[in-house]
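In the two assemblies presented below, subunit A is common to both, partnered first by subunit B and then by subunit C.
Then we have the complex of A and B:
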């Protein structure tokens, strides 16, 4: 007869209880009338107040820009930690030789990826996208380069130090954009609320400082994720 | 008036500039870090000295109306952590100047990220913003635990990372559910809306908050990362963890419980009682486990867990006296434990190890540091003229005043237990010198001024606080107003 594993039974009971409790909370909070206060405000007044027709970017870079600054700091810290800890411990990546077909087609794709990322960043306040998604595509480009042409090819152009430098500059740019709100007479990260020209909604130059913050965050996220990957994918 | 946000921006600016300086010119790293910590300390002391005129103070980010914006605020309860920050930020930077030898730029980067996280967690009045700063603090903590890059520190960092991530999931779950129920993340709008929920739902939310933050302030069954993490880290992290990080997590939990749910709800549903019993358990367990340690840092780690037990007991009394006593002990324990770690780091320079049996007879080599160390240990126990006595007396008085006789008895019992293991350390240091003089491992070391200063300064504070506890109680005596009275807190931001 098979022995019953009591640890597993105990864990199962605990997890089921946890699930029950979460279900209970979800059941009782569903359909609360008061529960749409903030969301309603964003939807009703978001475009008028911020000048951005993409509400998500309006929330990320205007209503809750301070959270975005914090999240970008988290990515920044993670990238620094990975770059700090990994070089000491040998990690290697299998070097794969691709055929010229792959190399040529990736070379063909890369400029398009660059255009897509710039489009996502600069139209972030108008259409789905923004600094974070654009930055992720930039980091995807560096991952593609590392995989296709090898680690050394990448580090000859951009090594961890240079990428970190761009990351720092992006972060400092975001801080400076935040300070512009103070200079304009408002509080930190103030944007459309202190008279910075919000522009006609729907135009490329609208949303106050939002396009600039998008570029700053994109530089930070793109290089940050590239640093993480570059530190992880060492080739010996 | 942009002072509170500067407390977050100055370290943040330092973090990002450090990368630039590390790239171009390394010699400006130390002056930059020193200036920024000096500036932060100056802001904190500005708030402490002008508390009657300037506080409570709120600041909304992005110039949005207060119910929509992320607010940060400084009130008299915030001063509790400010008091500890005012001393610890500068002293830990001073101590780290000689302790950190390799990769200085990265260390100070992580240290400043930690300061950003702590300042943000203490001041923010927005739940998700709090979570962001919680993550910032956590990630820099994991990194600092792993910083020494020895096997033991990497293992501890991995353990801490796993436990911390699970706890963060619970915290995020609690915040998401709170948002679903109330439709806002603003901590001043939630209390009113949360009141409509069924009692069981609110209890479950409290459980999630408690588990999410409990891991971080090492309440007993969730404490396992702490003693491991303390062994292989720089002293600077030991000090900051004991004096600031875990205190801040507990501080925020209390704010969430008392402001969001309200004292009446907590007392009606026995949550304060559960916390009280849990605090007693945490305290007794910490003391009992400290008895069995032979590594000084692990022992002090368990002692921190036990001392957090006292703080939990005091806060869960739910009376103004209890809050004042708990806050006093939070600050005071931070000062004492910080000083103990600084002194232990200095003793380590002579002994070459944190194993207690290798520290025998150290008093012969380092008489002054040993004297400071012994004074501090006695203060931790609560021997009368020192500050530990004042805080334990306040907690005891508050417990008896609230009618809790058994917890009062347990506090005395705990102090006797701690006397046991601290005495054994003292005996260890002051005896056995004959063996030591023959050993080659121990040697006389010249301590630099920046290594002596932090321990000596904190010991002086400890003695002064023991003689005149009114200095600190005068600073925090209005804290209960902003913790027990929800309306006071809410009015800072949206009231008139």
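Then we have the complex of A and C:
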């Protein structure tokens, strides 16, 4: 007879109770028709106030740009911590060599990924996308390069120092854009509320300072996640 | 739509069960990632309004889904990636020091 593991049984009972509790809470929350004042304001006046037709980008880079600054700081801290924790010449993981078929197809895909990322960044205030999604695709490009061509090839082109420099420039650019709000007479990272011309909604050059902050955040996220992966995949 | 909530509850419970019972640290990190994914699914589910369109207002609309949880979901994705990277870095350090991924072995080798 197999021995019953009481830890697992106990955990299973606890976790089932937790799941039932979560389900009860979710159903009771969904049952109420809560008033969504902030969301209603964003939807009704967001386009006129910010000049961006993508309300999510308007929230991220205009109404709640300070949140975005904190988020960028989290990536910055994570990249610093990972680069600090993992010393050089340890932790090898990528020894496999791919066939030329894989290498050729990745070489074929990479320019298209670059175009997609630039499109997502520059049209972030008009269509789904934005600085974060575009930056994540840039970092996916670097991950693909590391996996297919090896760590050495990647570091010959872009070493950690160069990527960190771009990351710092992105962070500083975002902070400088934030200072524009103070210079215009408002608060830090204020955009259209302090009278920066938002531009015609739906055009490529609209949304006030939003396209610029999109590019700054994309540079920050893309290189930050690349630095994290480079540090994790470091080989001897 | 209403079936999303049991899925979220099951995913959160699965993740916490993995954290409670697994011994391998990589599996614990997978459990935490499952919980984080369930939270993002929850943020997407509570922003849903029946017959709502996506909050990209380039044409006339009746109802629009709530844009605020979606913006917070974007934040959550980035923070998940960062925390997962830090956890993996700590696991690499622990493995280099103790030559094992078993969390009970590491607890025994204190000091």
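Note that the second predicted complex is superposed on the first by the 224 of 236 C-alpha atoms of A that agree within 3 Å, B and C clash if a C-alpha of one lies under 4 Å from a C-alpha of the other, contacts with A are read in each partner's own complex, and residues count from 1 in each chain.
We adopt the following convention: a contact is a pair of C-beta atoms (placed from the backbone, for glycine too) under 8 Å apart; a residue touches a chain by one contact, two chains touch by 3 or more.
Model, not experiment: these values are computed from the prediction.
> Put subunit B and subunit C onto subunit A via the superposition and say whether they clash or fit.
In the superposition, subunit B and subunit C stay clear of each other.
> In the superposed arrangement, does A:159 touch subunit B (first), subunit C (second), both or neither?
neither
> Going by the contact rule set out at the top, does A:47 touch subunit B (first), subunit C (second), both, or neither?
second
> Between subunit B and subunit C, whom does A:22 touch in the aligned arrangement: first, second, both, or neither?
After superposition on chain A, A:22 lies in contact with both partners, subunit B and subunit C.
> Answer with first, second, both or neither: which of subunit B and subunit C does A:36 touch in the superposed model?
both
> Given Cα centres, how many degrees, to the nearest 10, is the angle at subunit A formed with subunit B and subunit C?
Result: 70 degrees at the vertex subunit A.
> Where does A:60 make contact in the superposed view: on subunit B (first), on subunit C (second), on both, or on neither?
After superposing on A, A:60 lies in contact with subunit C but is clear of subunit B.
> For A:71 in the superposed arrangement: first (subunit B), second (subunit C), both or neither?
So A:71 meets both subunit B and subunit C here.
> Who does A:103 touch here: subunit B (first), subunit C (second), both, or neither?
neither
> After the superposition on A, what does A:81 contact: first (subunit B), second (subunit C), both or neither?
In the superposition, A:81 touches subunit B and subunit C alike.
> Rounded to the nearest Å, state the minimum C-alpha distance from subunit B to subunit C in the superposed three-chain model.
6
> Report, in rising order, the residues of subunit A that make contact with subunit B in one complex and with subunit C in the other.
The answer is residues 22, 26, 29-30, 36, 38-39, 64, 67, 71, 74, 77-78, 81, 85 of subunit A.
> Going by the contact rule at the top, pick out the subunit C residues touching subunit A in the complex.
Residue list for subunit C touching subunit A: 2, 5-6, 8-10, 12-14, 16-17, 20-21, 42, 46, 54-58, 64, 66-68, 70-71, 74-75, 77-79, 81-83, 85-86, 88-90, 92-93, 96.
> Which bits of subunit A are touching subunit B when the two form their complex?
21-22, 24-26, 28-30, 32, 34-39, 41, 62-67, 69-71, 73-74, 76-78, 80-81, 84-85, 88, 161, 164-165, 167-169, 171-172, 175, 178, 181-182, 186-191, 193-194
> Where on subunit A is subunit C touching in the complex?
Subunit A reaches subunit C through residues 7-8, 11-12, 14-16, 18-20, 22-23, 26-27, 29-30, 36, 38-39, 42-43, 46-47, 53-56, 59-60, 64, 67-68, 71, 74-75, 77-78, 81-82, 85-86, 90-91, 126-128, 130, 132, 202, 221, 225, 228-229, 231-232.
> Would you pull the subunit B residues touching subunit A in the complex into a rising list?
Touch list, subunit B to subunit A: 2, 5, 9, 12-13, 15-17, 19-20, 23, 59-64, 68-70, 103, 106, 109-110, 113, 116, 120, 128-129, 132-133, 135-136, 139-140, 142-143, 146-147, 149, 173, 177, 180-185, 189, 193, 196-198, 200-201, 204-205, 207.
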